[in-house]
Every structure is written in C-alpha cells, then in structure tokens.
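A, B, C and D label the chains in the order they appear, each numbered from 1.
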Amino acid sequence: MAEVATADVAHDDHHHEHEESFWSKYVFSTDHKIIGFQYMFTGIAMALIGGYFAYVFRMQLAFPGSSVPFFGLVSPAAYNSLVTNHGTIMIFWVAMPVLIAAMGNFLIPLMIGCDDMVFPRVNRLSYQIFLLSAIVLIASFFVPGGGFGGAWTAYPPLSAMAKYNATPFGAPMWLIAVTLEIVAFLLGGINFITTVMNARAKGMRMYDIPIVIWMIVIASMLFMASVGPLVAGAVMLLFDQTLGTTFFDASAGGDPVLWQHLFWFFGHPEVYVVLLPAMGIVAEVMCTFARKKLFAYKMILYATIGLGILSFFVWAHHQFISGVDPRAAYLFTTTTLLISIPVAIMLFAYIATLYGGSIQFTTAMLFALSFLAEFLIGGVTGIWLGSSGVDIYLHDTYFVLAHFHYTFFPIAIIGTYTAIYYWFPKMFGRKMNETWGKIHFWGTIISFNCIFIPLFVLGAAGQHRRIYNYQHFPDLAGADMQDMRVFATISLVVMLLFQIPFIINFIVSLKYGEKADKNPWKANTLEWVAPSPPPHGNFPDGFPEVYRGPYEFAHPDREDDYWPQNEPGNQKPKT
Amino acid sequence: MAGNSLKKYNQIYVALLILFIISVLGPELADILGMEGLSRMALILPTAFGIAIVKAYMVAAHFMHLKTEKIYAPYILLASLALMFVFFFGVKIDIMAAEGHNWEKPYEEPTGSAGHHGDSHHDHGEKADDHH
Amino acid sequence: MLEKLLPAASTYAKEIDWLFDFITYLVGFWFFLAIGVFFYLVFRYRRKPEEKAQYITGETHKQKMAIEVPHYLILVCDLAILIFTFVVWHQVKIDKPPAEDEVRIVAQQWAWTFYHSGADGLLGTDDDIAKVNELHVKADTVYHYTLQSPDVMHSFSVPVFRLKQDAIPGRDITGWFEPNLQGEWDIQCAEMCGVAHGIMGARIFVKSEEDHAAWIAANSPPAQSANLIAQNTENDSQAQEDNTNG
Amino acid sequence: MAHQIIATSRSATGIPTGRLAVWWVVASEIFIFGGLIAAYLLNRFLHGSWAQEAAATSTLIGGINTFWLLTSSWFVVIAHHYSEQKNAKKTRQFLWLTILLGGFFMGFKFVEYYKEITHGMTLFTNNFWSFYYTATGLHGFHVLCGMVIMAIIAEGDIKNERNWHRVENIGIYWHFVDIVWIFLFPLLYIAK
C-alpha cells in the first residue's frame, strides 16, 4: 500500500504519435477509461459465473436430486460451495468492480474535467491485483476438496479448521482472494478520493460536483474505514486456517464471535458502499431524462454523509440471535431504525425530482425508475429485520434472502444496466438499440419480481437458507411450497435468458449501433463535453471550466432546456 | 513549511527520548517496588500509555507537520481513530466479558505461571483476575 | 398474518406475530403511499411536446418541507416500532420466567442431542433422557434451555415457536420457551455448519401432560429407581457435563 | 503512457496530491492496525493471565528497538529538512541513515524472535503470543516496505535531484510506522 506514496507523476518519453500495440493499449494501459472497461468486463464475466451458480442451485432446490443440465448432480458440499461463492462473487467481484471501480474509473476524471486519475499506475496495479484475486477465487473451485462452502460470512470455527469445513485448500484460497480484492479496492479507493479532492476542474466547487461522484467518493471512504479491521481479522483467520493459531478457537481462549464483529463492522457499511454509486447513477439518469434539477441536492448530500456515519453504528443487527449479548440489541435496533431516515430522505428527494418533469422513457430511464421501485421494496422489508423482535423469527430465513436480493439486485444489476445504457454512447461512441433494450428491461424486471416475491412467502413460512434439499424437513416439503420454489426457479431461468438480448445488443451496438455525437442525451455534466469516445487525455479542446451546478435543466432564463456546466453564462446561478 | 528548523526537530527528539526513558522506567519501578493492584495500575497506565499518547502526539504534530498541515489531514486521522473506538466499545460487551446476559463462557483460564517458557522469575505473582 | 403460513405454538409466538403484523401495516402504508405517488408522478409528468419541465431547486423552505414532514412522520413510526420491538425482545430474550422444566441442547456436526430432564424435572440427574434429533416437551410448561456446541456454530430454530438462537462453541447460552399447542414440527439448523448442514433437522413433539409422562416412563433409563432420583449428587452432574463437553 | 498526465499537478485542497494520498494511506493503516490492536486489547482485558505472558517479552530489546525507531524518525525529518533546501547529498545521507536504523530495528527483532522461539514461545504457544507475532510481524513488514521505498527514493529520485516531495511523503509514512510502534511497545512489552 505504501506504493501510493511513491507512485506519482508519470514520467515518460514516449511519443504521442507512436502507434500502441494491443497489449499496451488495452491490457497494460494506465488510461482510466481502459481500466474502467477492464473492471467492467471482468465484473460482467464474473456475473455470468455467479448467475450460472444461481441457476445450478435454484435447479437443485426446485428439482432436488435430479441432474441439473450443464452441471450434473448437486452434492451437499457442491451446493454449499455454490451458494457461498454466488454470494461472494456477486458482492466482491460484481457489485464492487462494476459500480465503484468501473464507473468510478470511467466517470470520475471525465465528470470532474480532468485527463486521468492522479495515480494512473496505482490504478493499473489495483486492477491487476483485482484480476489476480478473481483468478485465485476461480482456481479455488478446482482444488482438492472443492471450493469453500462456509457461507460468504465465513464464520469460524467452520471456516477456520479444515476438519470442520472439509475444504483444506478452498477455504484459505477463498480468504486470500477476498483479501487481495480488498487490497485492490483500497488502492483504487485512495486514488478516487484523492482525485476528486484535488484534481477538479477550475471553478468546480463542492456543490458543483455531480452527485454520483460524491457518492462514489463517500462509498470509497466507507469502504476504507470499514475494511481495515476485517483485513486484520482476515490475517488472523488465515493464520488460523493455514498455520494453526487459535485466534478464533474457543477451546484455547479465542472467541469466534470476534470474527462476526470484525466481519459485520465491514459488512454493513459494505451494503452502502455498493448502494451509493448506484443511487448516484440513478440520480444522473433521472435528472437527464426528467429534464429536472435534482431536488434538494444539498439535503441528499448531507443525508448521504449521515447515512455513511450511521452505517458504522448498526453492524450488530446481523447478529441479534448469533449469540451476542441480547442487551446489545436495544442499541442496534435503535440505530438500525434510525438509518431508515436518511434513506427515506434520499428516496423521497428522488421521487420529488420527478415532480414537474418531462419524463422520457428511454431504456436507461426505465432502469433508473425501476431501481427506485425495487429498492423501495428492499428498503422497507429491512424494517422487519431491523426490528430485533421480529428478527428472532425471520433471521436466516428466505425472508432475509429475498430482502437483500431486493436491495442488491437493484444495486448491482439494475444500477449497472442503467449506467451502461446511459453512458454507452460516451464509452463507445455509439448508441444501444432501444427496442431490444426495452425487451431486455421488461423481461428482466418482471421475472426478477417473480423470483423473489415467492421467496418472501417461503421465508415467512419458516424456510431457512443454505439448505440444499427441503424434502428432509416434513414441514417444508409440502407440495404448495415446492410449487413456489419451482416457480422461482423457472423465473430465474427466464431472467437469465432475457440477458441474452442484452449481450447481443451490446456486442452488435459496439460495431453497428447508431453513431452518437458528443452529447446525445443533452445532459449537463462535463463528460458530455468530451468527444465520444473520449481519446486518451479526454479533453482534446482544452480542459473545461465550471460555471454552475450539474443539474441546471429547464432553467427559466434559458431557451434550451439544459445548461452545460462548462458553458459561460451571464450570471452565475447560486449553488 | 516555514518555521520547521533543525533546532526544533532536535528539541522534539530529545523530549521524545526523555519521555521514552520515563515510560520504560515506570513499569520497571512497579516491578522493583513490588506494587500490586490499584497502585500498580496508577503507575503503569500513565507512564506506559499516557506517555505513549504524548509521544505519538509529538511525532504527529511536529515530525508529520500536522500542526501546520491543512485542516483535512488531522480530521481524516481523528475520524479514523474515533471509528476504532466505536468498534472497540461496540464489541466490548461480547468479547471482553466472560459472561453476559443469558450466556457465559465456560473457558477456564490456565492458572499458575505459564510454565512452558520457564521464565518463572518474571512471574511477579499477579493473579489472573478470575471471572468465574 | 404468519399464522396462515404456520401455526404459532409458543406463548411468545403470538407477540412476535403481532409485531410482524404491526410493522406490516405501518410499513405497508408508507410503501403504498410512496409507490403510489411515484407511479402517479411518472404517469403525470411523462413527456409531452408542448410542456417544458419546471425549474424546482428543492432548496426553498417550502419545498424542503415536502421531504421533511414525511420524514418526521416516519420517525414517529420508527419510534412506535421501536417501543413494541423492545417489549417483545425483552420478553423473549432478556426476561426469563421461572423454569418449570429444563432441557439441555447440544448441537454438533450434524445432529442435535436433547437432554431431557426426566421424571424429576431436573437436569444433570440419573434419569436424564438423551435423545438424538427428538425433543419432547410438555405443553403449557415454561422450559429453560441451555444451548451448547462442541464444534462449529449452529442455530437452534423452531419456526412454530418463533424461536431462534445460535449455538456458539465456547459459550453456554440460555433461554426459554413455553409451548402451548400440541403437535409435531420441525427443528432446523439455521446457521451454516458444514457439508451436511442441509439435513441437520430434528423434530419437536409437544404433548399433553399425560402423554408426556407416559413418554418419560417409557424412555427413562431402566436402572432408575425413585430414591436414586432424590439423592442426585453434584458429582453425577459434573460427570455428565464432562462426558458431553469432552 | 503516451500522454503527460496533468491530473496530478492540480491541487484543489491546497495539499499536494502525493501528500494527500499518503494521509489516506495512513488513515487506512489506522483501521488495519486499529482493528488488530482492538482485538488484542479485548482479549487482553478478558484474559488476566496474559500479564504474565507480557512479562516474558524482552523489555530491553523492545526498548532498544523503540530507540532505533525514534531516532530514525528524527533522521527522516532531518532528511525532509534538507530536501526542502534541495540538498541532495545531505538528504540521501539521512535517508540512508534512516534505512540503517530500520535495519537495526529488523535485526534486533530477529534476534528477539530467535530467543523467544528457542525458549518455546512460538506463534502457537497461546493467543497472547499469536497476537504478539502477528502485530509485531505486521509492523515489521511495514518497516521493511518503508526501507525499500526509501532506498528507491534515495537512489532513484534524490540522486537525480527530482521529486523532492517524495521525501516528505515517505517521511509521513515512516512516522506513522513509528507511532504504531510507540503504541505496540507499551501494549506488548511494558504493561504487565
């Protein structure tokens, strides 16, 4: 990490005209856009793996004991490994790289009117470590004993001792992969924060920064602050696994609950780490397509900061019945319910932004609006779980599972699609096909709800998570419950199939899509000043200066319904 | 960074050395005098940890130039420290206790001097405070 | 609401169900309000060529009130939920009514062992009945349980009782329940505990007083006689403890 | 890198970008060491018997090591002083003196480890010693990294009279490592 201290201004004598080879242009590039794409494509590849895992274990749940097409029979160990790595991949290798790393890398320098990150080589190093972590994780599925199967929370002693988890190589490799990923994001996060703090365009004041940039930066800070103790814990757990120390072994005076605290002290802020960039993306898209100024920018910003601070005081609500002292629940229930306030402020402000708008239903806008609707469901179901009394019953049931999929799916999947449909013209200079985009949208959203609404019901009926075959439990083996599982599984398959139009649309649009000009959506922020796609250095016509806030749509003093941030005006609007 | 003269650095260094010697002598004195319990604590806590905080402050303020740095840097560091205290006090009720409401840890503290390393002369007889 | 999905078989199941319903109504109100406003705005302000969007900053006091008022109302709802949550939590996890019977639960990879107190109603005596994956309890009796795990974390979950508690190695965790409905239901392990976590289930049998007495009579250790019960010694209980812990 | 990046030369906060990044690095290190020290303290307060274990650590070697680090902090701040005057010779000299003291620190550390391990106090003896080796090992790793980076700066940058600001940046990092030791020393050695 000390690398950051020394990596600095790039000194290079290469000539600009020199034609770069494929390797130096796309693989070992230090250009923030290329690194962003690397993160994005790695993330999408990992999402396909995670989606495949979901397909396999949902098939096993719907049709227990029968051979799953494209996989075979699912053994209990394989099932555990699949669910564990589905969770790990989707959070650490999909949500984080795509939302923070890819979007952060692509958007930050463009949106603050700069040519690159302040530490381009650290940026490249961060991606390389991330790639290494992904390779280690994938390799862990193929070692003797199979991949780690102790749930993504990796509670010791199960995760700490091979005699309990039966994955002598899978468990340490899983832990090493996660730790490497954390290191990669620490490097990236320091880069993001420093860049936004120091490298903003001339005239860009605090409240002129687009909200998505704010949110990526706050998310990076949350990540850095929450993950430190987990790094220490990961070192301790790794020693327990590989060397045989007893940090978390109760019989030698250690305490397994310590890991839970270390993990969830990170784990809860982590939710907001991935939520905030998605919220920011949605804000950008909504303002552009509703032609509206973001409602109460400052209030949203302060609510976000409040949310970030509060998120460090709620972690033990994941542990209400995990053997922590029951008196702690009073404190953590209170803070958990309080956290609904900043989230509610943000959501209300977003909804208020629609008021008086002129809403264009492009695919990006549809995804952004569906984010609000779906995340609202995810958010309100959290109230049941945050209330410790009801959590006694709902903890570790499918209700929890459906709840956090209703938060993580909008965040990781809908947020990503919003960003891709919206910034695709800027990324690649062409537009994606809207018709296919809408087919993709409706197919994804409807089937997504069909997957998880039955799971709420199953969870409320007492069905617990991480069980590979419910036929072993007479109360859960009923035909009507099994029907719901089958319905969810079929919906999942349908949803996965509806991703094919997206992939085809993406690839075809890269080559044959309608050419996009500089500012196809008539948006205000600085990335639309650069050519599409932006060349290395981003702003060949000179760096923009900022004269106003990012969301001056439909300003009464102006004929056009938008007012780019860099356009000099006769007056400087108040921010 | 005007005002950061070598002389200032030298003064800080000498002060650090003096503090360092006091911080080592304090606990040693407690051993030599055979202090126990509260008076021992009263000597060790300020000498070992109180001085550590003073030393850390001096290094941070003068060697790291936090005194003259823009206000961002000390805020970043203080916020980091504050969060670690949040973590510590949030976790304390579970990890730092041998029993709580409706639970207890049956783990037995190994009693007597830790014989495996044979440093019995170091054993100054402070009993493990038994929670059971 | 939950009772439509599965029976409520313990005294506090009703409290938890009530809290669940309470939250459902409060949250449901806000949810439908928000989603209704959302869809109305999306429909009402769809693009019309003749209409230009309005310029609203959201920074004036009046506009801010549009957000602040609902969030104060939400705060009030939060407080209401909080108060009832504390009541329920206190009843289930903090407060323990005096025990009428005891049971010791040992969770290990991948089975449950239940030590029933036997005829004398006391644990650690000679007439204890150890059963694997079967918990037999008497209706309308306050049970105290002690939960232990020698290996990894497990979670003792009885959905019909609305009861769940993780078992943690190195911690003896106690709690209580009072069954009030006769029947036979599932016990599940609710914390990932290794390869066979998925089959780590057990059954709970809640019986009437007579049926339970009959079960005890049928299952008591044969060498058991009434006077032995009376003079149970500390040594025995100690020995028993060592056996299971070691 | 065919393009000269101007991003690094901007400074909206007034803190040079490199130094700002180092502050964030230090913050992230506070969380890592803070987590470890918090975990240690929680255990230490619970297990009264650890006081006896702490008594078995060598206060003498720990004290000497504290002395090396304090002095090296002094040297690196002098090196910074000379780097501000663009005095390459003196700057390099004091950077190398700092590295030398870091080397002394590591040397004494290894002697200490050797003595402890031969006396049967290994990573596995009990959790006190596990924490002891983990904390001092992690700290030693940071000292080592600092030494390597300092050598690169002394030979790569200062020798060629460029990137003077890096001396201050590595200095901040080095002082932080020193401060960590200032706390580890009473925690592991002298409080018993």
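Here is the rule we go by: contacts are C-beta pairs under 8 Å (C-beta built on N, C-alpha and C of every residue); 3 or more make two chains touch, one makes a residue touch a chain.
Just so we're clear, the structure is a prediction, and the values are computed from it rather than from any experiment.
The greater number of contacting C-beta pairs, out of the two interfaces A-B and A-C, is seen for A-C. Distance between chain centres (mean CA atoms), chain A to chain B: 39 Å. A straight line joining the Cα centres of chain A and chain C is 32 Å long. Inter-chain spacing, taken between the CA centroids of chain C and chain D, is 49 Å. Here the CA centre of chain A is 34 Å from the CA centre of chain D.
Residue positions 197, 225, 229, 250-251, 253-255, 257-258, 323, 326-327 of chain A each touch two or more of the other chains. Looking at chain D, residues 13, 15, 20, 24, 27, 30-31, 34-35, 38-39, 42-43, 47, 126, 172 sit in touch with two or more other chains. Counting partner chains per residue, chain C has residues 93-94, 170-171, 173 touching two or more of them. According to the touch criterion at the top of this document, the contacting chain pairs are A-B, A-C, A-D, B-C, B-D.
The part of chain A that touches chain D in the complex is made up of residues 1-6, 8-10, 12, 14-16, 18, 20, 30-31, 109, 114-120, 186, 190-191, 193-195, 197-200, 204, 224-233, 235-236, 239, 243-247, 252-255, 258, 262, 536-537, 543. By the touch criterion given at the top, residues 76-77, 79-80, 149-151, 153, 155, 157-158, 164-166, 250-251, 254-257, 290-299, 321-323, 326-327, 329-330, 333-334, 337-338, 340-341, 344-345, 347-349, 351-361, 369, 372-373, 376-377, 380, 383-384, 387-390, 392-393, 395-397, 457, 460-462, 464-469, 472-476, 553-556, 561 of chain A touch chain C in their complex. Interface residues of chain B, counted against chain A in their complex, comprise 72, 79-80, 83-84, 86-87, 90-91, 93-95, 97, 100-103, 105, 107, 109. Residues 1, 4-6, 9-10, 12-13, 16-17, 20, 23-24, 26-28, 31, 44, 48-49, 52, 55-56, 59-60, 62-65, 69-70, 72-73, 76-77, 79-81, 83-84, 87-88, 91-92, 95-98, 109-111, 113-114, 116-119, 122-124, 126-131 of chain B touch chain D in their complex. Those residues of chain B that touch chain C in the shared complex are 101-107.
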